[in-house]
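In the two complexes that follow, subunit A is the common piece, with subunit B as its partner first and subunit C second.
And now, the complex of A and B:
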């Protein structure tokens, strides 16, 4: 019967099969050294997150000391606006996404004192809407990603009680779909990225019991394709970043054993670039720091010994969170 | 103003042509449209139609369409027709089925007998769809997966249709023990022990008590317990009437403790609660029966299609969980071979169904003994349904832990779990009646692993033969110190 072909990639037999950690560390350490590189300039609009991706993966590989702490802290300070929020880069507008990234970076460096913490809290609080949702910035885009950014930022600062948590929870739960997953807004289709944000959100707000873990876990484990890689929703191609969004979600709901770990590991390793270092979204494509972090973080969740333990809720090294005293709930 | 905004919309259309997946472009278009003095929603809908015809999985476009539909008041049945057209025209149509799942409960709600509770049940589309429409929907989906058995969207949607409706919020069991002067209450969902709105009334008088979860590791529990003030009910010559009020949900449960009785309970069975399957009307039963036959025929044509196998299992569960037990287990075996990447999922799902069947059998037999042995059980669930169980036998399975939720077995007297892989006994915690524990041939390796047992005051017999911990030098004296109540120790 000729029906739908399964969308997937085929792993070549000569694809990388061992973890090239040093190459990745070299790739990240050198990234951004050429400030007028085309790709680098074009991604200025997300620079703060780019820095968070690079520093986190370096810390997971035990090589954070290769990065320039002072330069980065100065950059972050220069990105805090009067309203308290952080922009992606100097001269850009503030946004919740980059506010979270900034706070995460400062936690890595144990340097929260460098910024006005109360102002950050004020900024986050000001973005909560009547229905409990969060806008990304003053222009009003609503998305469950921003609910996650808000509670994650406040959790790291120890100030969760400053927002209306019950309302925020109500809004996120109103985004739960027939398949147990979550979308951007009520009525939006389930998507692994949104699911990661919502399960992370429910973990941080102590509401994981509101999930249908068996149903959601099934939807998530069905993301695994014959190549071993994970996609973000049905009928899509696998992408190494979903090895993070899907895997972390499964870990949070206590069902990580529902995917085939060795097949996934094989896929993630195949996404490495042996020459340049770094990970691409799929084997053979161009690498970037985003996919490099999520490839390494995914491997950490799979138990990779050469990499530090990563926290599935916040995508930060566990030892950093232990230092802060933040241990978000996980289902077992 | 209209002219400026119109120009912006033209500009945005050009942007969307280049990148139809830009959050910013769609948000800005929505921002402009909302401020247009004379918005043209028909044009916005037609933009969505064009965009979806190029890529009907573009969730930005779907979300924008939902906003336009809401603001301009497009009728739900029109949108349902729209989803019909899209489903019919495309293979990759998960977004359309998803949209349908949001429209159906609005268009064809199940009318409830009583008014909805103040805090209605959460969860995926908690509103029921009326039966007439449901049966039509089964037909629609069946056509889809018979046309293309590899169209996974239809199978996902079908599973949702088969799923039972959300449970009513209720107190499913109240248990009272005269000796322990303790009350245990089971709810239809986990609740926070510190949640206001639980009232205990004894013999017509409200009683001040402190509710707690059965284990400190989880604050939200489906079973809560409280201790009554000493001397309240311990005189066996007295009869008492107890009521637990769940005020937030306008529901309550009574329990009478008779003279001469040391314990009492009042409970809805799993069948009463429609816990494992919904009550089926005659019409629905016959529809599902014929669907089962059809999917079985399809499975013979497509032996490697895991969706068929899984759906057959789900249909059997919906129709007759006990009657189809053997066949279900056989299908799980095949499923694990056909879709080996997800074999752990199928194992856990199979465990869940076997536990459900064991609960059903236990209830039909009206006994308080729960036994699943030699079934490759890898995990435990539905422990909140085992509140009244006095004897449990989990021997010869593949369990690695007795999780904190195990502490819900408040009436447990005998625990047998030989020949497993147990190394964690967290859930054997403050079980007031537990007297006998057999854990032969497990993986208990340190004294710390046995720590939870020390919280069980009545524990007298403990069999630890075949565990690594018995090899430790001072194990006998260590255990005598840790578990002083144990008189019968086998190492």
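And now, the complex of A and C:
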């Protein structure tokens, strides 16, 4: 390996090579039980998303019943503000990111009735700008991530028609770069996370034909490194969350076979922590619920039988979406 | 160290006050950080200033953060009243420790809106937060709001100023703000490789504060050249150059049928400066070729080459038959150039640029303009490299060739 300059990790021969589902379920079930933990306070600003990550991965592993439904519903209700939007936690300010997470969680529990749905729709609608873009909150930051959050929220509520979809599509397409990818705003660098959001957006709005699937697929499959892992941009290290952003995007555009699946699977499994349970961004690092979800979801997309089928657009169990009657487009 | 509620109260208030004092006294702090220090030393403040660096001893953080965090949230839920100064101090402490706490930044937005906090001080806090957390998305997001607020807020009219004077002062302010942002972005880019958030902010600033300003774009292109040469893995840095090139081609020589976009800058530029654009592309290709040879095996450099190739070709397609003063068909020019070189000496083909890259106005008439690379010239470039190169360079070179043939499909 002398002289290798490619930024990558090297998988150790004794890295985990089988899926340790029970350990992951135990890890998530116990996460956050010590609420005084300093680290827990540091991450409170994204708590709603953290809960969505934890619950979704538990559901994918068939262990959702280990979580406290009522406590979570009460928490979510306490996070809905007068404007209709949801905050990440009690006392924090509302934002589109946590509004989506809240709605996703309620869908997992078939409990949308617990909140004021019309108010949510009003909140999302109010964030659309003249050029079709969406602000994240009343303070006005524009990002294609928020376009995804908006349409995903409304799709789950069955209220997509409440926004100007054509304008929204126009804005997202204006963020398409020559390499087929997307950035956060027009003129921004292509990034796998933004690509996932824009691809998901185009799926939900029925506009996948506007993509250059071959071109984008090319960019995406070039994210795979010798270790088998995927990165988010050229010359970045592999990260298990990109096993989701990149893989789901490839699935949506019908080119998941352009990736070496077995090497990717090997990488994802190597990111598990055999002692604590959970997944880290790359082998040997600290685990967290975020990477645990995307590790398991990535494996599901690769066909892991021990895990429920996951929807590549919404990162939710397929059976939940079937119950709602939501089946976003995929290219073949 | 454990303490009663009131002991912790006293300690925390003291630390918050010390931090606020340190920031007020010294407007030149350029870096903050945590000092690993597991135990308090008797009666000494955990806030330490050395030269222009501000340190916070780590032992106090586990008391400090939850305390100020809870205070702020109680205020937000209207269960606690805090006066404006207390809010300034508490959010300041919080954000230096946890810059992604969106709600704290929002409280500061409200303070700016009501005039209790100056935008400049808020930008200063942001700059400090970025010295410790150069990626922090919420810090960059908040920064953009403050800048927009600054732009929209017209300074009070001074009756003694003429319109021209006022215009000049505004222009100076804008230029100063622009330079400040470029510096903040540059520092953050140095602190974290391929810092997407820093570079996308940099682009945002130019899009908002320097639209159509050719001089700014040229200066940026020029000043970034040594930086990217020293950071050949930094994909965001190279993407920034792609952005600058695109903006420059749009400002210097927009596609037929369009006028120069954006406001006219004060610098007088002809609306169609085709040779200038050709030179820019030529120099960029030269730069990336040199770097590819000097630093084999960097995907970023090959990615940049793809972008430059594509941009030049697309621009050329939008300016058909514009070969400059020499007239004639640019394709013909390319053929002539190729026939004059021998295969395997690609450098000859590329060195069609003038010797003085920035001296666009002094381009001599009659000098043949550099032509865009063709599939043919690029194949020669790739072949020239394949001999004796390492496996990484080889794989990127071959991938580039495959991309040319498959994706671009430029006829040879």
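Note that in this section the second predicted complex is superposed on the first by the 328 of 332 C-alpha atoms of A that agree within 3 Å, B and C clash if a C-alpha of one lies under 4 Å from a C-alpha of the other, contacts with A are read in each partner's own complex, and residues count from 1 in each chain.
What we mean here is this: contacts are C-beta pairs under 8 Å (C-beta built on N, C-alpha and C of every residue); 3 or more make two chains touch, one makes a residue touch a chain.
It should be emphasised that the depicted structure is a prediction, and the values quoted were computed from it without experimental measurement.
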item: Superposition on subunit A - do subunit B and subunit C clash or fit; value: clash
item: Which of subunit B and subunit C A:210 touches, first, second, both or neither; value: first
item: Partner chain in contact with A:90 - subunit B first, subunit C second, else both or neither; value: second
item: Subunit B versus subunit C as contact partner of A:81, first or second or both or neither; value: neither
item: Which superposed partner A:23 touches (first subunit B, second subunit C, both, neither); value: neither
item: Contacts of A:308 with subunit B and subunit C, given as first, second, both or neither; value: neither
item: First, second, both or neither for A:173, with subunit B first and subunit C second; value: first
item: Which superposed partner A:183 touches (first subunit B, second subunit C, both, neither); value: both
item: Contacts of A:222 with subunit B and subunit C, given as first, second, both or neither; value: both
item: Contacts of A:6 with subunit B and subunit C, given as first, second, both or neither; value: both
item: Residue range of subunit B overlapping subunit C upon superposition on chain A, of 114-122, 150-158, 240-248 or 258-266; value: 150-158
item: Subunit B/subunit C common contact set on subunit A; value: 3-4, 6, 139-141, 178-179, 183-185, 187-189, 191, 214-215, 218, 222, 233-236
item: Of all residues in subunit A, those that touch subunit C in their complex; value: 3-7, 36, 38, 41-42, 44-46, 87-88, 90-93, 95, 136, 139-141, 178-179, 183-185, 187-189, 191, 214-215, 218, 222, 233-236
item: Subunit B partner contacts - residues on subunit A that touch it in the complex; value: 1, 3-4, 6, 139-141, 143, 173, 176-180, 183-185, 187-191, 206, 209-210, 212, 214-215, 217-219, 221-222, 224, 226, 228, 233-236, 255, 257-260, 263, 332
item: Subunit A-facing residues of subunit C, complex; value: 61-62, 65-66, 69, 73-74, 76-77, 98, 100-103, 106, 109, 138, 141, 144-145, 148, 194, 196, 199-200, 203-204, 207, 233-236, 239, 243, 246, 296-300, 303, 306-307, 310-311, 314, 390, 392, 399, 403, 406-407
item: Of all residues in subunit B, those that touch subunit A in their complex; value: 23, 27, 31, 57, 59, 62-63, 66, 91-92, 94-95, 98-99, 101-102, 122-125, 148-153, 156-157, 160, 190, 218-220, 301-302, 340-342, 344-345, 348-349, 352, 403
